[in-house]
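Consider the two complexes below, in which subunit A is the common component and subunit B and subunit C are the respective partners.
After this line comes the complex of A and B, so read on.
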């Protein structure tokens, strides 16, 4: 069931009515049932996988929490009897057991993910290796169907398990409640990757019907549909053609970068708007996943604003733990002794950054495109860090220039195109083609090839291009307006006629200009596949 | 109180806007895909008919009710539209039988070769303008392809919204009015394009068994007619394509015999009726033109009159007045088409 399907809208309406009709203490039960029904409708066997991940992380977290409680109690009770060394030894033993539980949970969850998402990628590469060495041996592909949203719920569950392990959060002892945290349906398809400590605050609460909250939620949903259906899915036709054929080289590549940048932004942020809006209708607060990412002035800032929940997940569960790990400390010491302070300072950061971005790439998809994409992000971030002293000096030397609107605009455009170039790896079928097309952008650049006749070939008429243009301008203006406070709050403060007029215009725009229904391919959200 | 009034007005305003926009984007079926307007024309009929014909283009292009009226005084109507399938015919017939009880129902057997919904566009053409009733709901449910959704039928705006960027003058001109496309369901074409061997190449089906779904709806049509005491006549029109295979012919003959039905295969009567595929078709044998349709109607009228003893109603004043209008429209359309043919060398507006 796609978020843009009629069935989803009907499903939400039915859940909404029931949610506020049933006794409040059962509201979370309804959300759990709805989540499993939602998942079942996507694939009859899908609930089994999410149930497996839930049970694994639930029990391993409980074992860890129990062990922590038991050890704490033991040490408290025997405080007087045990020597310092005995206490230390006890803690070491205890930590080893807890680590064992944590690793068990981690391996099982990642094992499921690896089999479903990466097994065929591994087979493909092993077969390529066989062929490279002249062997005719070929392993068989598993051809398993990837359970929807598996990367999202697996990482969300692992995050919870690690938080319990690090004693950052209490373990949830009610299995059905925990199952709801893992499966909460609005965010099941494309995130965000919520933290237990955030989501649980409102997920299990009893919610009274609050018209303002519901209205705000609906407005957010409508705005999400506008972005997804009016902008993303309309321009998709052009993007699909441009990236599918090497005929569209040179200036077309640049245009493809711009179009895909618009499509991806409208698609992904639109989907998250729908997710957050639907959750808000049920009184549940889901964290923001984007903060005007295309206004970023450099790549580091971009990744603080784009897909925030994913970025912070990798930062908190891979980058930081790795940076401060014992083995990294040892490596730093070795480097310091052999190569000096400068290298020693950089090695843990470089290594942790590259591992984190490699993992980010792999998380996005089982292909070399994503791995290269991840590694390139890491490299550019490290280069940016190395160049920072130069930027600082430049800013000091030209303070007026570097604080001007024009310079900021330049930085924003530079970041947009830099990220756009990296995103080419999302689009083209393999790494080689991506690099060929990237080079063609400089080698064969000729704007004269962008003729109206060619634009007409993409299956869009001029009115549809106009709709996409207007939609993009509106998204830009809304982003601008959002820089100093919530746009919905601002609208809510306007007179009724203005509020009503804006709502009607947005609603009719979605109905009339949206790419949905028969005649349009039911386009999945780009992030569904992860 | 004031807030409630405001809310009600706001909702009504949105509904009015949606309905207004819906009418704007709905296809008007005036110059293109005229068949989309056929279903609704039946509702304009003020009198019942002795014969109700249900089927696809093999009926509405191949038989002229005006000829049956002029020669035999038989009143008839064709409830047909493009690629109308057996379940469409069943529900259209069921709906029609709530308004009238004809003496004879004529069903064209070609549609039995299709056992599943074919194309969404054709479903829309047949069902869009059908009045809402249990029959329409049933017809939609029976007809929907995998990509379709009931909501698209309930709110056509959802289906046709993309036409907002493709509107033509026709959408404005026919926003609040409609046009008449048929005469008692008959779609007239006076031009000629002779049949040529191999004009319509077809792949032979792997399996000639008529499907359970289609035959099940034929059973329902038989039952419907039996319940109402109506005679059901099966026909196969003299269209050359799609090819009518002997295997299908045998199954229909057997079915007719088992159910005590008459069956006329016009393909076997081509010489007797005098159909000349050099003169009587406008699209190389796919459909009859006016001349061919009048020949077929003449035969059918004679059969119904002679074999079933249908009454000649030409002396009935009310019926005659009603049919006089139809005949006049028929003659006007005929003249207009010949005029276009002479002026442009082809039919451009029909």
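After this line comes the complex of A and C, so read on.
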């Protein structure tokens, strides 16, 4: 069931009516049932996989929590009798057992993910290696269908397991309630990757019907549909053509970067708007995943504002634990003795950054494109860090220039272009083609090739180009307005006529200009593939 | 030298323009970025012979000089 389908709208309406009719204590049960029905409708066997991940992380987390409580109690009771060494030894033993449970949960969940998502990629590369060494042996592909949202719910569950292991959150002892945390349907398709400590605050609460909350939720959903159906799915046709053929080189590549930047933004943020809006209709608060990312002035800032839940997940569960680990500390010490403080200081940061970005790339998809994309992000982030002293000196030397609007605009455009270049790996069929097209952008740049005749070849008429242009301008203006406070709050403060007028205009825009109905097929969200 | 003063020196090496006696939002207010935090954890581990685990690596423990000192003292105690 697509989020942009009539079935989804009917499904949400039915859930909504039932949700506020049934006794409040059963509301979370309804959400759980709805989530599993939603998942079942996406694929009959999908619920089995999400159930497996839920059960694995539920029990391993409970075992860890029980052990923590038991050992804490033991140390408290025997505090006076035990020596410092004995207490330390006890803690070490206890941590070893808990680590065992944690690793069991982690490996089982990642194992499921690996089989479904990466097995065929591994087979492809092993076969390529066989061929390279002249062997005729070929492993067979598994050709498994990837369960929807598996990367999102697996990472959400692992985050919970690690939080319990690090005693950052209490274990949820009610299995159905925990299953709801893993499967909450609005965020199953493309996240955000919620933290248990955040989502659980409102997920299990009893919610009274609150018209303001529901209205805000619906407005957000409608805004999401506008971005997805009016902008993303309309421009998609042009993007698909530009990235499919090397004929579209030079200036076309730059245009492709801009078009894909618009499409991805409208698609992904639109999808998240729908997710957050639907959750809000049920009174559930889902964390924001974007803070006007295209206004970022450098790549580090960009990753603090784009797909925030993913960035913080990798930071908190891979980057930090790895960079402060015992083995990293030992390595740092060795480097300090051999190469001095400067190198030693960089070792944990460099290694952890590259591993984190490698993992981020792999998470996005089983292909070399994503791996190279991840590694390039890591390299650019490290270079940005190294150049910071230069930027500081530059800012000190030219304070007026570097605080001017023009310079900020330049930084924003530079970041958009840089991220767009990296995103090319997301578009072109392989790494080689991506680099060829990237080079062609500079070598064969000739704006004269961008003729109206060529634009007509993309399957869009001029009205649709106009719709995309207007939609992009509106998204830009809304982002701009959002810099100082919630846009919806501002709209809510306007007179009744303005408020509902805007709502009706947005609704009609989706109906009239949205890419669906006869001749159109509302496409799946881009991030659904991850 | 006292634990607190050693930590102050490490912090001042990173950002000398911060008043560490009054600043209580080193992480919350983004005075220290993620790279600073990693370097700080590594230097504390090296200087005091402690191991800062992910469990301890939380905002509350890194938000001020006082909180950092308390964490280091506690870990040395253990």
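To be clear about the criterion, the second predicted complex is superposed on the first by the 528 of 530 C-alpha atoms of A that agree within 3 Å, B and C clash if a C-alpha of one lies under 4 Å from a C-alpha of the other, contacts with A are read in each partner's own complex, and residues count from 1 in each chain.
The rule is short, and it goes like this: a residue touches a chain if its C-beta (ideal position, glycine included) is under 8 Å from a C-beta of that chain, and two chains touch if they have at least 3 such contacts.
None of the values given here were measured: they were computed from a predicted structure.
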| item | value |
| --- | --- |
| Clash or fit (per the criteria above) of subunit B with subunit C on subunit A | fit |
| Arrangement angle, subunit B at one end, subunit C at the other, subunit A at the vertex (C-alpha, nearest 10°) | 170 |
| Partner chain(s) touched by A:496 [first = subunit B, second = subunit C, both, neither] | first |
| Which superposed partner A:349 touches (first subunit B, second subunit C, both, neither) | second |
| Which of subunit B and subunit C A:410 touches, first, second, both or neither | neither |
| Subunit B versus subunit C as contact partner of A:320, first or second or both or neither | second |
| Which of subunit B and subunit C A:514 touches, first, second, both or neither | first |
| Subunit B versus subunit C as contact partner of A:442, first or second or both or neither | neither |
| First, second, both or neither for A:168, with subunit B first and subunit C second | second |
| Subunit B and subunit C, minimum CA distance [Å, superposed model] | 45 |
| Subunit A residues contacted in one complex by subunit B, in the other by subunit C | none |
| Complex contacts: residues of subunit A adjacent to subunit B | 6-7, 461, 463-464, 467, 496, 500, 504, 507-508, 511-520 |
| Parts of subunit B lying in touch with subunit A, wherever the complex brings them together | 6, 10, 13-14, 17-18, 21, 25, 120, 147-149, 151-152, 157-159, 161-162, 164-166 |
| In the complex, subunit C residues that touch subunit A | 33-35, 37-39, 41-42, 45-46, 51-55, 57-58, 78 |
| Subunit A residues touching subunit C - in the complex, by the definition given at the top | 87-88, 91, 162, 166-168, 300, 315, 319-321, 323-324, 326, 328-329, 332-333, 336, 344-345, 348-349, 352, 385 |
